[in-house]
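Each structure below is given as structure tokens.
Each of the next two complexes has chain A plus one other chain: chain B in the first, chain C in the second.
Let's turn to the complex of A and B:
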């Protein structure tokens, strides 16, 4: 079998002429998506939990962050981080870093709402049982509430991460050389428009499908954690599954 | 900081009353659920609370479990105030540390079981002893298996809560509460969510538990035979007040109040 490197310049015709550049762009896209995702997830967890805090001040801070970054577009946030901040503070961020920061802050705000919603959707009885068993506030969150909320978070987080991936194309306005940037460059320098745009479509789709596959795996693991979905295949489980079948 | 000003120093134990309500008022918004409620429970006493729906029985248990805060008045557990603590000479609202120390003495079983779906049966029982009391895990597991034996579910240690019937889940919940070795156990209509054929099994178990230990028991139930079997005293509630109280035989056979008679009639008819 002959394996073909999809990024090779040896590929026939327009493919060989465009794919090396698009692959470079795809790597940058992946880098900004991965960096933005990590930042967004961390922010979502921290801010989302703060939004469920018993302390009104803490909740207010979380709210302000969430409303502010959801209410202003990624593009405008990018302009501020990359162009306005150096003027105000004299500190110039690296393009990729500014991009990751803007994506993380923006999608993190949406993610916080997901985390807050999922935590509050855990039935009150679970928290009360944990109090009755004298678990500390941290233990209640860590051992009882979060594991259950986590299952609810995965599908909406999947959507957010795909949204984030697609938003990386905005980073080309601050000259991050991502997939969309490379595509436009190729078209401007005379490559066949239709081929380039078709390739962009395919590559973006493959990348977001990758995220979905990853999240499906996480979702399966999480569902098993709270006893939903397929139980793990061990001799013991099979036995008790048949024993409980009469119910 | 002087020794007296240490927050949350334990109060004098009260040899006479395990549970003491003094002029307890609880309101939710405009609705007054408990009106200056006074009552006491002796150590080891088993008390059943009965009364029409909405009369405040659950609220009383939830206040004891510190799931709600009193609007005014005080609740003491063995001489220790639930809602306030001493800091120096001042009385201040209880902080988390104080609450956790009083909670240690109280356990509760809920109508809806509330087992943790993210843990198997054994873990449901051992989690709190291990995390909240610092019991070594193997020791907690031995104890949990003993308790499972007692509630008749020795073979279900590794099962998941969703694989159990309602009756079995409730028995796990009882074992889970007992694993914390509470002095006061609160039971809130623990059989009302069960299919009729599963009720008697759970009631038998609770009868045994009530008869063995020196647990102080506060039990809300609509099952009058069960109440008769397990309690030393029955309190009849109506509109957040105690309408009458007495030994079960007296309350069930010759209640003084017309309202109690009507209530018992209604409960026994269904």
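Let's turn to the complex of A and C:
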């Protein structure tokens, strides 16, 4: 069997000329997407739960964070963190770090809203039952509320992670050497721009699809854990009707 | 991760009010005007094109609905920035020459049309089945029942979500600055690069977005609640 390395320079024509560079870019794109996702998911969980807190002050802080970062675009936040903040604080962030920070903070704000909504959508009877069983507040959240809320969170989180992946292309503007950056570099150095941009789109699409597959698997697992899932089937074979339906 | 500025101390490290006041009018008029043009143009295109996409997607003929769905999925899953590159750099090779702003509006409009199509689709699915049955019982032609019975109800239900996308388009419009559109952020980048000082222009640009996007999303939420009841 002949295996073809998609990143090899020996591919014919423009492919061989561009793919090695695009693969380098794809690695950086994946790094920033992974870093951004981790930060965004942690923030989403912490801030989202804070937004359901009994304490007014805590809720207000969560609200301010969410409104602030959802009120401006990633690009503005990125420029601000990278170009404007250093003047104020005297510290210059590394490009990739600034990018991950901006992506995480921005998508974390959207994620918080998802977490808040999912936690509040768990029927009140579940919480009451947990209190009746004398579970501590931590156990209530960890064992009863979150597992059920988690199932509801996965599809919107899938959309957010795809948004995050798409937003990583903006990091090229502050010279992070991601896919979009490498693509423009190749075009500027004379590669066929139609081919390069088409390849970019295809690679981004494949990466988004990868996220969707992963999240569908997670969703199936999470649903089965709370006894709501369909019987075990190869989850990547069927397309769920709600996949990709808005944000 | 973080390193002290090399040229730290050579320039004032605090907010420069004089300069901020000097650039504020330009950003407010010239920059914001272009941002608003891009937003409204992009949103109108997205709202109209999205409706067509939603209708094509529901076509009973699979050779229409399938490809339309696949293309929409592809556009939704790839970055707007790269799509803008294609429109701005590749289209001229095929003899399509447009200004940067027009290119940007088309890019925003097409990208978000794939999102609004889902909104309309959900809206159409929400129209009770009885409405269809009533239209059939009245012997209305198919086109009539679509345009005078189903769509008015579906679009009404879609309005809050469309409002959200209007705000989203407004917030994503700064991406057009990458293809040389001089919107608020484009202008702020220009001003910043003249003095190598981005603090004031970027902060002002960011504040504009906050000041417009937050009240707008509050309005949308209020509209949502009114339509619910």
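Assorted remarks:
Quick note on the criterion: the second predicted complex is superposed on the first by the 230 of 247 C-alpha atoms of A that agree within 3 Å, B and C clash if a C-alpha of one lies under 4 Å from a C-alpha of the other, contacts with A are read in each partner's own complex, and residues count from 1 in each chain.
Throughout what follows, a residue touches a chain if its C-beta (ideal position, glycine included) is under 8 Å from a C-beta of that chain, and two chains touch if they have at least 3 such contacts.
Predicted model, so just to flag it, every value in this text is computed and none were measured.
Touched residues of chain A, counted separately for chain B and chain C, are more numerous for C. In the superposed model, A:84 makes contact with chain C only, not with chain B. Using the contact criterion defined above for the overlaid structures, shared-chain residue A:93 touches chain C, although it does not reach chain B.
In the overlay built on the shared chain, the residue A:4 is in contact with neither chain B nor chain C. Contacts of A:172 after superposition: chain C is touched, whereas chain B is not reached. Of the two partner chains, chain B is the only one that A:148 touches; chain C does not reach it. Residues 244, 247 of chain A are contacted both by chain B in one complex and by chain C in the other.
On the chain B side of its complex with chain A, the touching residues are 65-67, 96, 100, 103-104, 106-108, 110, 112, 114-118, 127-128, 131-133, 156, 158-165, 173, 176-177, 180. Chain A meets chain C in the complex at residues 67-68, 70-73, 75-77, 79-80, 83-84, 86-88, 90-94, 97, 162, 165-170, 172-173, 180, 183-184, 187, 193-194, 197, 200-201, 204-205, 208-209, 244-247. Within the complex, the chain C residues that touch chain A are 1-5, 8, 11, 13-15, 73-74, 76-83, 85-86, 89-90, 93, 115, 118-119, 121-122, 161, 171-175, 177-178, 185, 188-189, 192, 197-199, 202-203, 205-206, 209-210, 213-214, 217. Across the complex, chain B is touched by residues 123, 125-126, 128-137, 139, 143-144, 147-148, 225-228, 231, 236, 240-241, 244, 247 of chain A.
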